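Below, chain A partners chain B and then partners chain C, in two separate complexes.
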Partner chain A sequence: MIDQRGETMSYKVLVVDDDPDVRSFVVTVLEENQYIPLEAEDGVAGLEMIEKYKPDLVILDVLMPRGSGIRLYRKLKTNDHLQSIPVIMFTGIALRSFLKSQKVLDEFDNGTVPEPDIYLEKPVEPEELIEAIRQKLK
Partner chain B sequence: MSPNKILIVDDEEIIVRLLSISLRSDGYETLSAYNGEQGFEIFKSQSPDIVITDIKMPGMDGLELLKKIKETDTDSEVIIVTGHGDIDSTITALQYGASDFINKPVRDESLAIALERAKAKIEIREKLKEYTENLEEKIQEATNEIRRHSNFERLLIKSSNDAIVAFDQDWKVVVFNPEAVKMFGYTAKQILNQFTIDALYPPEIAAVFKLQAQKENNQKTLPWGECFLKTHDGRNIPVRYASNVLHENGQFVGTVNFFHDLTEIKRLEKELLQAERLAAVGQTVSGLAHYVKNILIGLKGGSYVVDVGIQKNNTRKLISGWNTIKNNIRRVSDLTQDLLTYSKNREPEFQVCEPNKIVEDVISLVTDFAASKKVEIKGDLDPSITRITADPKTIHRSLLNLVTNAIDACLEDENMLKKHEVILKTYIDQNNLYCFEVNDNGCGMSEETQKQLFSPMFSSKGGRGTGLGLLVTGKLVEEHKGSIDVETWQGVGSIFTIRLPQIESIAGEQ
Partner chain C sequence: MKIIKKLLFVTKFEDLCYDALKSLLVLQRSGLEHVVFLNVIERDKVAMQRGSGFLKEEEIKLKETANIRFIDWAENLFELGLEVGAYMEVSTLIPEILRVIEKESPDLIVIGQSHKSVIKQLYAGSDVMELVRRARIPILVFKHMTEDNLVPEKLFERPMFATNWSDTAKKTVEYIKGIKNIIGQMHIIHVVKESDLKGTDSHEVQKVRKIQRKKLDALCEELENEGIDARPHVYVGDPQSEIEKAAREYQATIIILGSSEKNMILDRWVGSIARNIADKSIYPCLLIPGKL
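Our next item is the complex of A and B:
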């Protein structure tokens, strides 16, 4: 896709969140900033989308039914083909709780998964979100 | 040791020698003295068992010697050797305590008899002494034992952490231990043998103990109970009490009561309750804040989308953003309603209604939403239940809540191969209760979740639940005098059952 400013290529950004209101917000932010939005409503659907469309960035909720964001994040970071995709965690869960869960899972899996590139705690202003996206997609 | 040392006192040497020879041949040990003074000296230094003395002697005579010996040792056996016709001396000797008399000339037989008698007396006396000493020792021992026991018991009563009060058969106080002094605020002196049970206890408590004493056969020991006691300074203190009726040989001899001061425990209980309440409030507030924050996120996101729609004249965006805003307005209104329902005491509004119709309403309300999530809603309704008296709002609200939860449980389930469904059943159980069952094959619950199900602001749905749903449902059902139960198996599903009683009286009026 070619955007209005004539850039040759727009980035594909996948938003994985079970709350349709959140998706609608993020999708609008993405569209307003000339990214191509992709949507998934849970962790399982999210992984399918990632494998199918190879997005340039994933915006990921943590607490979701059917395959939580925690699990999807770890799957991405331990998959050779997918681990280079940057991930923005976008969630109501405090970073501290998230890191704690990661530590427990690290011990359980007997391996370390890197911390997420960017961790945004809801509520997030559109400007904040877009700044975080730009930072990852220069 | 048998007595066998004999002192012979006589001023005639020959008689002493002859007697000595004779006695030695019989196995005695003999000592000889030839006058009173010498005899007394030997008596003091050698302590013979028996003394045989002549009466008539120069210097200290036999009577004088007898007197001195008896003064020294009343138990000593002194045999007096008398001549014929010496009646006065004999009487005096008897008065002085002579043991026996032998006539002169001393014949072996009479001497032997006198000695045997003396020996027997000594032995008896010794045995008696031994017995007496033993008896004293035994009495001492027994006394010590009794004293030890009673000391121990007194100490036990004295040092008990419980107040111990005992009454005799006339209901007078006979035991009032230090803890009782502390508890009641009277001194033991004021109470002991002065107060009766009626003066010490409030009438209802006194009545309990008196009744117990009357019914001694079937209730000798009262189980622990709780009551209030009035203290000397007029305070009412909460106590735990136990009581025993005392019998001796089947006769009622009194009652003993034990009191444990509960003031501190009650205070702690109150504090704990307060702490729990505070914690619950804290939990509620933080849960609420979390939920409200989520609504805010929705509203902000929605208004951003609406802004974009307005700027770009994009109807699709406008609709989407507006839907988000409406959604979140609905969440606020649900939350408000839940909070009000939970905080207010509401009487159910009983009326004749058709429960199966209510269930069908609920099913039709959620079917479309459930279908969009690939969850099927089914009804399994007992047609014999037609009209019942109940509060239809309670049934509707509770079922809607349970069904929504059931759908969430299906969405939460990670088993994608399962065909998820929620079945609503109505039936009458063996206790004649109307049952409403919501049965899902979703994710089920862990034991921990199950435990917290009905606690305020507990939600397993992240920010999507108010944490009030089941609490409100539980309250509604309770107000309806019904019950709500859950059975759950992790990974298999859950069954929630609401049971409502039949309300005949109201049904009859209608």
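Our next item is the complex of A and C:
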């Protein structure tokens, strides 16, 4: 499927967020823009979905039950098969805290992971979200 | 052995705040990796009311208020390299805690003391003892925060362990060994009940004291071999008030007790030492269940 800009639209986008209202918001934005939405409600389910469906993009919350977005992000970026999947962090946790946390974990793990492609602090308008998605799925 | 990798922090915010959480961060030295927050919004706060129906807006407001607090706390913990999760649910406290335990398998539950009146606790049972009975996980009970009852900054600086030499107490000793690297000076107390001294002369009383003191010395030596500085104390009288008295005299930062689930129905009516101390003491209490 090609849109008016000539972009491919049948991308699978996974939203990992424990808040059903947030998932609903993101799914609506995705569907209205002809993306294929996938949903997971926590870090554990998120990783399972990523391994199963290999989405083209992950929209990832940070503070969630059963595995935070911080750890899931590190798992993705240190996995040879999954690290190329772009990630948009979409969270109430400040970027500064996210980066500090990654720095501490880098020291624990004796390795570094790249910064997220895009970091959006909640709340955002639908236009801002779709712009970020398009930016990663050109 | 890491015995506290994950803790579940149950808060209504007015009973348990960031200072309590901060006092637990020392557990990182003992293997703590993961903190899970739980805020249970009591159903009656958002329940159906005549003319207004289910208070959805109130639920959203309460959840968002909790979320904002948890985000602030989580940022601090993430920056320390800890893993953090959060639940905010409209539910009933104990079933919701049990549901989260099922999902998260924590090694320690941290909870504020119930605000229920003595009469209500007598009929409904204390939340704490209900948890001890049903969760089979160590429970740390913080007290209602008031200006003159602040959380000690170093919670494990001077713990007091009260032993009655039961199997549960033995298990508690093993638990203490597992957190040895966060313990400052440990005070170990055994309270001889006055009823156990009835009809005995002073020689017999001293004999009882000597026997108990020897057992305490042996226990202290056992702990010292693990690197824990331990001091023995024999007290005589009502166990609950003597433990409280000893905690005050030695400026305990926390009281550690084994909590047996025997006679729980009886306990509800006559009270057990662990329950009474957990419910009434001004000190934070760590309750270790017999069946871990």
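Simple rule for what comes next: the second predicted complex is superposed on the first by the 129 of 138 C-alpha atoms of A that agree within 3 Å, B and C clash if a C-alpha of one lies under 4 Å from a C-alpha of the other, contacts with A are read in each partner's own complex, and residues count from 1 in each chain.
Everything below uses one rule, namely that a contact is a pair of C-beta atoms (placed from the backbone, for glycine too) under 8 Å apart; a residue touches a chain by one contact, two chains touch by 3 or more.
The shown structure was predicted, so the numbers you read here are calculated from the model rather than taken from an experiment.
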Discussion item. In the superposed model built on chain A, check whether chain B and chain C fit or clash.
Written reply: clash
Worksheet item: Counting only touches as set out at the top, which of chain B and chain C does A:24 meet: first, second, both, neither?
Response: first
Discussion item. Between chain B and chain C, whom does A:108 touch in the aligned arrangement: first, second, both, or neither?
Written reply: second
Item to complete: Look at A:32 in the shared chain and tell me whether it touches chain B only, chain C only, both, or neither; answer first, second, both or neither.
Response: first
Practice prompt. With the two complexes superposed on chain A, say which partner A:127 touches: chain B (first), chain C (second), both, or neither.
Written response: neither
Practice prompt. Kindly classify A:97 by the partners it touches after superposition: chain B alone (first), chain C alone (second), both, or neither?
Written response: second
Practice prompt. Name the contact category of A:70: first (chain B only), second (chain C only), both, or neither.
Written response: second
Worksheet entry | Set intersection of chain A contacts, chain C complex versus chain B complex | 63, 65-67, 92-93
Worksheet item: In the complex of these two chains, what residues of chain C are touching chain A?
Response: 36, 67-68, 70-71, 74-76, 78-81, 83-87, 100, 103-104
Practice prompt. Write out the stretch or stretches of chain B touching chain A in their complex.
Written response: 290, 293-294, 296-298, 300-302, 304-305, 308, 317, 320-321, 323-324, 327-328, 408, 411-414, 416, 462-464
Fill in: Residue ranges of chain A touching chain B (in the complex, touch as defined)
19-22, 24-26, 28-29, 31-32, 44, 63, 65-67, 92-93, 122-123, 126
Worksheet entry | chain C partner contacts - residues on chain A that touch it in the complex | 18, 42, 62-68, 70-71, 92-94, 97-98, 100-101, 104-105, 107-108
